[in-house]
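Before I ask anything, let me first share the structure, which is written out below as C-alpha cells.
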Amino acid sequence: MGAPMLTLRKVADLVGGRVVGDADVEIRSVAPLDEARSDQLGFLASKRYTRFAPDSEAGALLVSAELHSDVGDGRALVVVDDAHRALAALMRHLHPPEPEEAGIHPTAVVGKGVRLGQGVLLAPYAVIGDDAVIEDECRIGAHAVIGRGARLGRQCTLHPHVVLYPRTVLGERVIVHAGTCLGVDGFGYTFEDGGHKKVPHVGRCVIEDDVEIGANTTIDRGSIGDTVVGMGSKLDNLIQLGHNVRVGALSLMASMVGVAGSTRIGKRVLIGGQAGVIGHLEIQDGAQVAAAARVMRDVPAGETVAGDPARPNREYLRTRAHVERLPRLVERVKKLEKAVDALRGRG
Amino acid sequence: MGAPMLTLRKVADLVGGRVVGDADVEIRSVAPLDEARSDQLGFLASKRYTRFAPDSEAGALLVSAELHSDVGDGRALVVVDDAHRALAALMRHLHPPEPEEAGIHPTAVVGKGVRLGQGVLLAPYAVIGDDAVIEDECRIGAHAVIGRGARLGRQCTLHPHVVLYPRTVLGERVIVHAGTCLGVDGFGYTFEDGGHKKVPHVGRCVIEDDVEIGANTTIDRGSIGDTVVGMGSKLDNLIQLGHNVRVGALSLMASMVGVAGSTRIGKRVLIGGQAGVIGHLEIQDGAQVAAAARVMRDVPAGETVAGDPARPNREYLRTRAHVERLPRLVERVKKLEKAVDALRGRG
Amino acid sequence: MGAPMLTLRKVADLVGGRVVGDADVEIRSVAPLDEARSDQLGFLASKRYTRFAPDSEAGALLVSAELHSDVGDGRALVVVDDAHRALAALMRHLHPPEPEEAGIHPTAVVGKGVRLGQGVLLAPYAVIGDDAVIEDECRIGAHAVIGRGARLGRQCTLHPHVVLYPRTVLGERVIVHAGTCLGVDGFGYTFEDGGHKKVPHVGRCVIEDDVEIGANTTIDRGSIGDTVVGMGSKLDNLIQLGHNVRVGALSLMASMVGVAGSTRIGKRVLIGGQAGVIGHLEIQDGAQVAAAARVMRDVPAGETVAGDPARPNREYLRTRAHVERLPRLVERVKKLEKAVDALRGRG
C-alpha cells in the first residue's frame, strides 16, 4: 500500500485521542493486533485480545481507555474513549471512497421511457426496465436488473446482480449488495380447485433513504399495501422479509434473520443473527431481539428478548439456568423420596 | 391507478359475498385498513386488526363473517365467509396478469441444438446451454442461465438471474424467482489421501408441474437418483433442499427451511419458516412442521410437530409449559426439603 | 445413457470389493435401491434402506460388509468395507469430468490491466474488473463478475453468477457455485450524528487452495485484516461468514450455517446445517458442532457440542432427557407433597 505515513500525533488528532509515548512514531495503516507489522497501528478494543499485545509487532497501538492498563509499557499508544468509533474515523481518513466513473456502458439495455439522471453509472449488462426512474449519481452494478417502473433516488448504489422487481422504490443513498432481490412476489396462496392458487401481490417494496442491505437478501413486496424498510436501517446478508413487513428507521438486523408477513418492527430495533419473527406481530421501538431468538409474541418498546420461544431476557436467563440445573433438581427429589420413605417407615 | 370503479354489488358478486349497507358505493382497489382511502375497499380478516376499523378512511370494508359484529355501524361492508379467498379473487379481477411479449432478445446466447418452442421470451442476456429444450410460451428472464441439456415444459417463468445447472428438468407452468439455483452439486465428499474428495453427482433436479419456487433458494441435484419437488408444491425464498430430497405434491415450505439429503417429504406437508430437517427421514403425507422446528425423527402422516428437537405438538406445548414453570417447581422442592427437615427433627 | 457395460468383476476391482454370486453380471450405472433397473447396480449403505432390497429390480447390489447378511440370497453382490467411498470411486470411473472448452466468449468484458492465463474459459457475459489476475485453466461461468484487483489461482471454477468483490483472492482449484458472493462489505457501523455510519472494510476475502463453496453463500471481507477460508475446506449452500472470520484447513460446514464476525474456526472442524456461531469465539481443531446448535462459548479441540446454547454433547443429551422427563418429575414432586402432608398430619 502506497498510503502516506501518519504520525501518532496526527492519528490522535483525527480520532480525538491522546498519545502515550512517542508521538512522532509513524504508521501507514491499521491491522489486527496479531497481524500488524511495524509500520501499522495495532487495534485493541476488547479484553479478549489483550493476550496478543505483548507479541504484536505493531509500531503502535490504538487502544480504548479501559484497556490502557492491560497493555504493557514501552510501546507508543493512541488512547481513545471508544476504540471502534476511532477506528472507523481513521479508516475513513486512510481509505477515502474511490472516485467512481459515471457513464452508460454500451452493453447496458435501457427500456422505453426510462429517465436517467446526471452522472449515472450503468455497468456492463445492466438491464433497466421500461419507465424506470434513476436519479442523479446512481451507480448500477454489472448485471443488475431494474424492473419496469422501479424508482431510485439520488446516489443509490446497486452492486452486481441485484434484482429489483417491477415498481420497487428506493430512496436516496440506498446501498444494495450483490445478489439481493427486492420486491419479490410474496408467499401467498389460496387452496382452490385442488391446488394452491397464487394471490396477486400488487403492493410495492419501498426502501427509504440511507438504508443498506447485504448480499443475497430477499424482501417480498406487499400483497395490498407496501413492504417498507425505514430510513437509515441496515440489513445484513441472507435476510428474508415477508410481504407487508414494515421496519422503522435506524433499525439493525444481522445476517439470516427471517421476518414473516405483516410484522411491524419499530425504530432503532436490533435483531441478532438467525433470529426469526412470526407474522402479524409488533416489535416496538428500541426493542432488542437476541441472536437465534424465535419471536412469537409482540415485544414492547425497549424490551430485550431471547430464547425459543423468545421471552424477556431476564426470564430467559433464569429459565435457562433452571434447565441447566435440572440434574441437580432430580437428585434433590430423589433424596426427598428416600427421606420420606424413611420417615414413613419410622411412623 | 386508472382502474375502473367497481360497485360493492359487483364486488360481492365477484367474491361470493353479501353487501351490508349501500351497494352502490364504488371502489377502485383494495388496501390494508389503516392505509385505505375513500375510493378503496379496506381489508379485514383478523381480529388483531379490528382496532384499525373505526379510524379507517376506507370507502367500504371487505370483512369475514366472524368479524362482522366487531366493526361499527355506518360503513358499507362486503361480508364473506373466507376473507382471504375473497381478497384473492378480487385481486385477480382487478389485476389481471399483463400480457407478456414474446421474442428472442438479440443479446440472448443460444447454444447448439437448443429447441425453442412457440412464443418463447428470452429476455436480455439469457444464456441457454447446448441441447436445452424450452417448450412453448416459456418466459426466460434477464441473465437467466439454463445449463446444457436442461428441459422446461410449457409456460414456465424464470425470473431474472435464475440458474439451472445442466440437465435440470422443469414441468409445465413452473415459476422460479430471481437468483434461485436449481440442480447444484450436492454436498458430498469422501475423505481420501488427506483431503475431502468430491463425489460426482449425476442425478438430476426435477421440478414437477405448477411448482413455484421463491428467490435465492438452492436445490441440489441427486447424487445417484434425482432430487424431486412434486406437482403443485410451493417453496418460499432462501430455502435449501439437499441432494436426493423428494417432496410430494401440493406441499408448502415457508422461507429459510433447510432439508438435508435423501429426506422424503410427502404430499400436502406444511413446513414453517426456518425449520430444519436432518437427512434420510420421512415426513409423511399431511404432516405439519412448525416454524423453527428441528426435525430429527420421522413424522407420521397427519402429525403436527414443533420444537427442538421436534416432537408432537401437544407434547411440545406440555414440555414447554413445564419448563416455564421450573422456577415454581424449584420452590416446591425447597418447601418440601424444609418440611422434611422439620419432620425429621420432630422424630 | 450410452455408457459401456461393466462386469461385477470389474466393479469389484475398481472399488476394492469382492463379488458374491455371478461376477459376469453386467451393469451400466448405479441407482438408489428403489429406482434401480436390471442394468443398474443398486446402492445400499444404510440399514434404513434394507427394506427396499427384496423388491429392488437392480441387476446387482453394491453393499457394505455390515449389511451383507441383511440382503437375501440369490442376487449378485459387490461387497465392500465402505460403501460410500466405493460408490464415489465407481462414480468417478463412470462419469469422468467432461472436457471443458476454453476460450474468451466475445461478450465477456475484460477490464484494463487484466492478466489472463493459458486455457482460461470466460463464458458469455463474464465481467472482469481492472487489474484482475486469472491464472491458467480457470473456468469463469456465465455472468460471473470478478471485481477490480481480484486474483484467482490455477484451475479455479466459478459457476454462473458468482460475484467476487474487488481484491478477493482465490487459491488454486477453488470451486465456487452459482450466485455466491465473496468479499462483501462487512456489517459494521458506528452510531454518529443520529445515524449508523458505515465503517470502511479494507481487509480482503481470501479463499485457499482446494476450497469448494456452495450456491448463494455470502462471505464478507475483513474490516482490517482478512477473512480466510483454509485449504481444502468445503462449505455448502446459503452459508454466511462475517468479516474477519478465519476457518482452518479441511473443515466442513453444512448448509445455512452462520458465523459472526472475527470468530476463528480450526482445522477439520465439522459444523452441521443451520448451526450458528456468535462473534469473537474460537472453535478449535477437530471440534464438531451439531446441526442447529447455537454456539455462544469457545469450543475446545475435539469437543462435540449441541443444543441452544451449545454445550458438550453428553451434557446436552442428559439435559434434554431431563427436560423430556419433566412431566414425570412434576408427578414425583406432587406425590412427595401428599406424602409430606400425610406425615405432618400424623404428627
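Going in written order, the chains are labelled A, B and C, and every chain counts its residues from 1.
Operating definition for what follows: a contact is a pair of C-beta atoms (placed from the backbone, for glycine too) under 8 Å apart; a residue touches a chain by one contact, two chains touch by 3 or more.
The model shown is predicted, which means the values in this text are computed figures rather than measured ones.
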* **Cα superposition of subunit A on its sequence copy subunit B - rotation in ° rounded to nearest 5** => 120
* Asked: Where subunit B and subunit C touch, do the two copies share over half of their residue numbers, giving same, or under half, giving different?
  -> different
* So, what's the distance in Å between the C-alpha centres of subunit C and subunit B? -> 25
* At least two other chains touched by the same residue of subunit C: list those residues. => 107, 125, 143, 161, 179, 216, 238, 256, 274, 308, 323, 326, 329, 333, 336, 340, 343
* To do: Give every residue of subunit C touching subunit A within the complex, in rising order.
  => 107, 109, 125, 127, 143, 145, 161, 163, 165, 179, 181, 184-185, 187-190, 192, 195-200, 202, 216-218, 220, 223-225, 238, 240, 242, 244, 256, 258, 260, 274, 276, 278, 280, 294, 308-309, 318-319, 322-323, 326, 329, 332-333, 336, 339-340, 343, 346
* Sites on subunit A touched by subunit C in the complex -> 29-32, 35, 43, 46, 48, 82, 84-85, 87-88, 91-92, 94-95, 105, 107, 123-125, 141-143, 159-161, 177-179, 210, 212, 214-216, 232, 234, 236-238, 250, 252, 254-256, 273-274, 291-292, 308, 320, 323-324, 326-327, 329-330, 333, 336-337, 340, 343-344, 347
